[in-house]
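Just passing along the structure, written as structure tokens.
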Amino acid sequence: MKPGTTSAACAAVLRRDLMLVWRRRGDALNPLLFAIIVVACFPFALGPEAAVLERIAAGTIFVAVLLAMLLTLDALFRSDLEDGSLEQLVVSPHPLALLLGCKIFIHWLTTALPLIIVAPLLAQLLQLPAPVLPVLIIALALATPLLSLIGAVCVALTVGMRRSGMLLTLLVLPLIVPALIFGAGACNAAQNGFAYAAPLLWLAAWLVLSIIIAPLAAAAALKISLS
Amino acid sequence: MHDSADEPRALLQAQSLCFARNDEAIFGPLDFSLHGGETVLIEGDNGSGKTTLLKVLSGLLEPTSGKVLLHGAPLTLAKLSHQVALLGHLPGLKLELSALENLRFATGLGGIRPGITPHLVLASVGLEGFEDTPLRTLSAGQRKRVALARLLLVPAALWLLDEPYANLDRGGIDLVNRLLDNHAHRGGAALITSHGAYAFTSGTPRRIALHVPPPAQRGEVPEERRGAEA
Amino acid sequence: MTDFFAMHGYAAYVWPAYALFAIVLLADAIAPALARRRILRELTGRLRRAASRKTP
Amino acid sequence: MNSFVLFFHKLGSPPYFYRFAGKWLPWLYAIALVAAAIGFYGALFTAPADYQQGDSFRIMYVHVPCAWMGLFAYLFMAANGFIALVWRIKLSETLAMASAPIGAAFTFITLVTGSLWGKPTWGTWWTWDARLTSELVLLFLYFGVIGLYHAIEDRRQAARAAAFLALIGIVNLPIVHYSVIWWNTLHQGQTVNLIGPSKIAPSMLWPLLTLAFATHVYFFASVFARTRVALLELESGKDWVRALLPATQASHD
Amino acid sequence: MKPGTTSAACAAVLRRDLMLVWRRRGDALNPLLFAIIVVACFPFALGPEAAVLERIAAGTIFVAVLLAMLLTLDALFRSDLEDGSLEQLVVSPHPLALLLGCKIFIHWLTTALPLIIVAPLLAQLLQLPAPVLPVLIIALALATPLLSLIGAVCVALTVGMRRSGMLLTLLVLPLIVPALIFGAGACNAAQNGFAYAAPLLWLAAWLVLSIIIAPLAAAAALKISLS
Amino acid sequence: MHDSADEPRALLQAQSLCFARNDEAIFGPLDFSLHGGETVLIEGDNGSGKTTLLKVLSGLLEPTSGKVLLHGAPLTLAKLSHQVALLGHLPGLKLELSALENLRFATGLGGIRPGITPHLVLASVGLEGFEDTPLRTLSAGQRKRVALARLLLVPAALWLLDEPYANLDRGGIDLVNRLLDNHAHRGGAALITSHGAYAFTSGTPRRIALHVPPPAQRGEVPEERRGAEA
């Protein structure tokens, strides 16, 4: 008998989750459309004045991307819970934190990455000055994994519940506020011609910390809410 | 693998095992052991705690008191083993994926018994030709067979099966009995639950009966439970 | 005395603050007492029902 | 020492704690009330008006004790949550969950009284200053803990999940406390020092300390009252609760 | 035998839905919190500069309120569908449009009204100039029932689906954009000292039209998606 | 009320009633009529279309072809009647509300039979003392009884009951039979479905059998269906 190795288990989780997203690729577009619609709402709500839009562009895109991701978080473990796969993951002898880390990575890859890719389009909608765009993209690239990671911990806490949608929002948002402040702050600094490296470095440091701690916390939370 | 299987120790041992939810005992102190080659049936009414017992034995739930020993070593959520395969109420299959893809995931997670392939196993549960069909288009009985195929694939000595006969027609029930027999002959052990009166062809297995806790212990007595006790 | 209540023009800020303090903490003190009464009533009701069900 | 450990061991048993808290509760309420009365007398009558802020500074006597208690309650909740998660002590779970509502109440009072104070002194009800923001986040964290606790059916599992969240959220506490130092903002820096000299006149200080004492005592009263209720609910099947029922019912009727 | 009158049926629906909201009052707070959190995000994202916040306040509050309502829409008929009450409503001989109208009214009363009530707080958070507040409140009072009504039609169309959350958003948002333009437009006009009556009157006219048509459309849509 | 009940016309009449989904017939052309005082049992395997038939008869679904006549007048979704009470798979009860509150809603919607009160009806289905308990804390069998109480309360002459025996213990099954008998004696009629072999005490009722469409018509044959036909 040949028990599976941990790396094989991680590969299996990665492959399966990617395959599932591909099979349900219609759903995968939803967060994209949501973000686009939210961003598109603002010119309607504020009027088409370019100076105003320009000023709020980076912040609004940031908020829209985070909200769009937030709304997909709920599904991170739900289908696995409903069909019993989650039980199989937990009961497998591999480190649960590692397996969850793989799931979180796929979540980021399939929701945040497309959002980052359309960010230039969103920036265009709100007339973000072109030089700020790279900063916005780097900030998003640092902040979105943070949301995936922190969100996963909160989802793991609420996974057994019947209607967790809004509660999840309530749990995640306070924890993600600093990422928002630093990320959007970097963009605003860049837009005003100030130095923007410091907030990005803070984000990066925090991301590294989360990558280490969040999967462990998510695993612990999951064990609590499955018991 | 850590403990060699030919020791006299039991494969699985429950020592005064209790589980309570909200301080209400779900099942009382249980003591039993299971050796290789044995199949044991856990009986009890709806809500008597069969599923909960299997979850405790697989390490998914921590017992309130008592211990679960696997080859003599304690089994906890922090220290699980490849030796245990759990087939719960929920099959743990993805309806969007095909039988083969589901089995590949299972072997990635649990390893694979040498000399066997997913194709072979699917054939042996009567699903040749359905390898690449998404499970969504299979019937409930066929899905159950895919879940059983997983058991044949992974190298676990202890099977914990929750209601393995549910959703299966007569051919399916025979299949489960054959699988259990083979597993026992190979030296494996299995614990299965049931509240129905299914045809258990392979002789009469040892039984563990769970009882619904006395109604006085709970404020209100659900209707069904009263019916079952009458 | 009116001077005192006027707080030298800051009455509109000072008194609401003190009132809020009093009201919120009062509500906080009453809530567990109400919950306790509700639970005791429920528990006795449940016991009584269980008892009445055993007799017939 | 040994009897001390024994006392805590006994205290951990729900029926014992129920009786213990019941015995102390009236006293705690009484002490809190008396101390608050003395403190408010000092705050409103003996403390002189501030030379800069005039009488508006009297909001401090509500604002600052409540701000401290909001933080203290969170610490208390997180500490009990930690104990509950590691040692699975039921009483700690209940204590942690009982301190969430009162902590949220104190935080809420802090926010509103801060706003009321800010309008005359800063000229605005609200700015996005670091301390104000982190205090708002604290309130949301309390709401999250309470919401999570009520969203899960199994009481003990709910308590453990909420305790876990409380532990994660503890990173916010140093931000609230040190925000005035780390970021240069509108909000007042640290003015009261328990060790070393405070930057505040003694006639202004003693009512503040008295009120801080009163709110601490009230905090424990509130936590004890809620814990008693939670224990009744949690242990409703147990004999000691049953034994309680006819007697309490008679006293109510 | 005394068959029930239609007015009794409406009263029954109103009473029951109110009672249900009261029993689940914890859930009823969720949209409020969501709106507050979204609004609170903007100062984080844009920085605390009062002039900027002031300029975008009305629009952002509008968008936040509409998003919060949007996320509750999904639940409008879901629980009734899941426990079979919806079937009972449809099979009753009273005009379904009227019964749905009652349900929509309760939805508005329990989600939009609280949002309108906290609007002054939200306005404070974004430093909306005080004179604009009444206009904002009137605009919200006109736009939110529109969203409830139009949303109900879309929910009725998607009610049988398993994961309709994002799809619903996509259906509703385009329909609600005009309400957003007029509502936020009135606020912006008021803020800049222009006349704001015209957009509000447009909204009012549209609302009257929707009150008449939307329940009928929702009833028709519901019959389609239940068959 | 429009048609007086003492006409010789049948209470309910199905005229060459067909229903198809995606051009696949769910049930074939059915012709039957139901008079006051009759109880008819609809039999068929899982998936044979019993629930669908009841939905068509209640007006929830439009038949693909054929007609449903109530007292001789056609019944459509646009023209429903107080004469019909449907009790579906799903009970239509709110778990947050008490039995009494649920019944009050039902009478608001459907009216109330004169000389009867929710309290009386709850007592007659054996739920005295549970009037004010939220349904969430009642067992599945007790919830079913609340749903049955609704039938007794509203002034409908035709009852359409989908699996009324499910979830009920023996006492509950007897209760349903008694309710049906009483209803028939008062001149009402009932159509009930079942795939189980429940004790139908009140004589042998008239039966309408539904058949599963031949498997060749559908691409793949679900396991269960094959088992059921074997």
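The first chain written gets the first letter, and so on, giving A, B, C, D, E and F; residue counts start at 1 in each chain.
As a working rule, a residue touches a chain if its C-beta (ideal position, glycine included) is under 8 Å from a C-beta of that chain, and two chains touch if they have at least 3 such contacts.
Just so it is clear, the structure is predicted and the values come from calculations on it, not from any experiment.
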item	value
Touching both subunit E and subunit F (chains)	none
Classification of the subunit A:subunit E interface as same or different, half of numbers criterion	same
Relative to subunit F, chain with the most remote C-alpha centre	D
Separation of subunit A from subunit F, taking each centre as the mean of its C-alpha atoms, in whole Å	49
Where subunit A and subunit E are represented by their mean Cα positions, the distance between them in whole Å	28
Centroid distance [mean C-alpha coordinates] between subunit C and subunit A, Å	41
CA centroid of subunit C to CA centroid of subunit E, Å	33
Subunit C residues counted as touching two or more neighbouring chains	46-47, 49, 53
For subunit E, residues that touch 2 or more chains besides their own	33, 37, 44, 47
In subunit D, residues with contacts to at least two other chains	133, 140, 143, 147, 151, 236
In the complex, subunit E residues that touch subunit F	1-5, 8-9, 11-13, 15-16, 19-20, 23-24, 79, 82-85, 87-94, 223, 226-227
Subunit A to subunit D touching residues, read off their complex	153-154, 157-158, 160-161, 164, 167, 170-171, 173-175, 177, 217, 220-221, 224-225, 227
Touching residues (chain side subunit E, partner subunit D) in the complex	26, 33, 37, 40, 43-44, 47-48, 50, 124-125, 127
Complex contact set, residues of subunit C against subunit D	4, 7-10, 13-14, 16-18, 20-21, 24-25, 27-29, 31-33, 35-37, 39-40, 43-44, 46-47
Subunit E-touching residues of subunit F, taken from the complex the two chains share	1, 58-62, 77, 80-82, 84, 86, 88-97, 101, 104-114, 134, 155
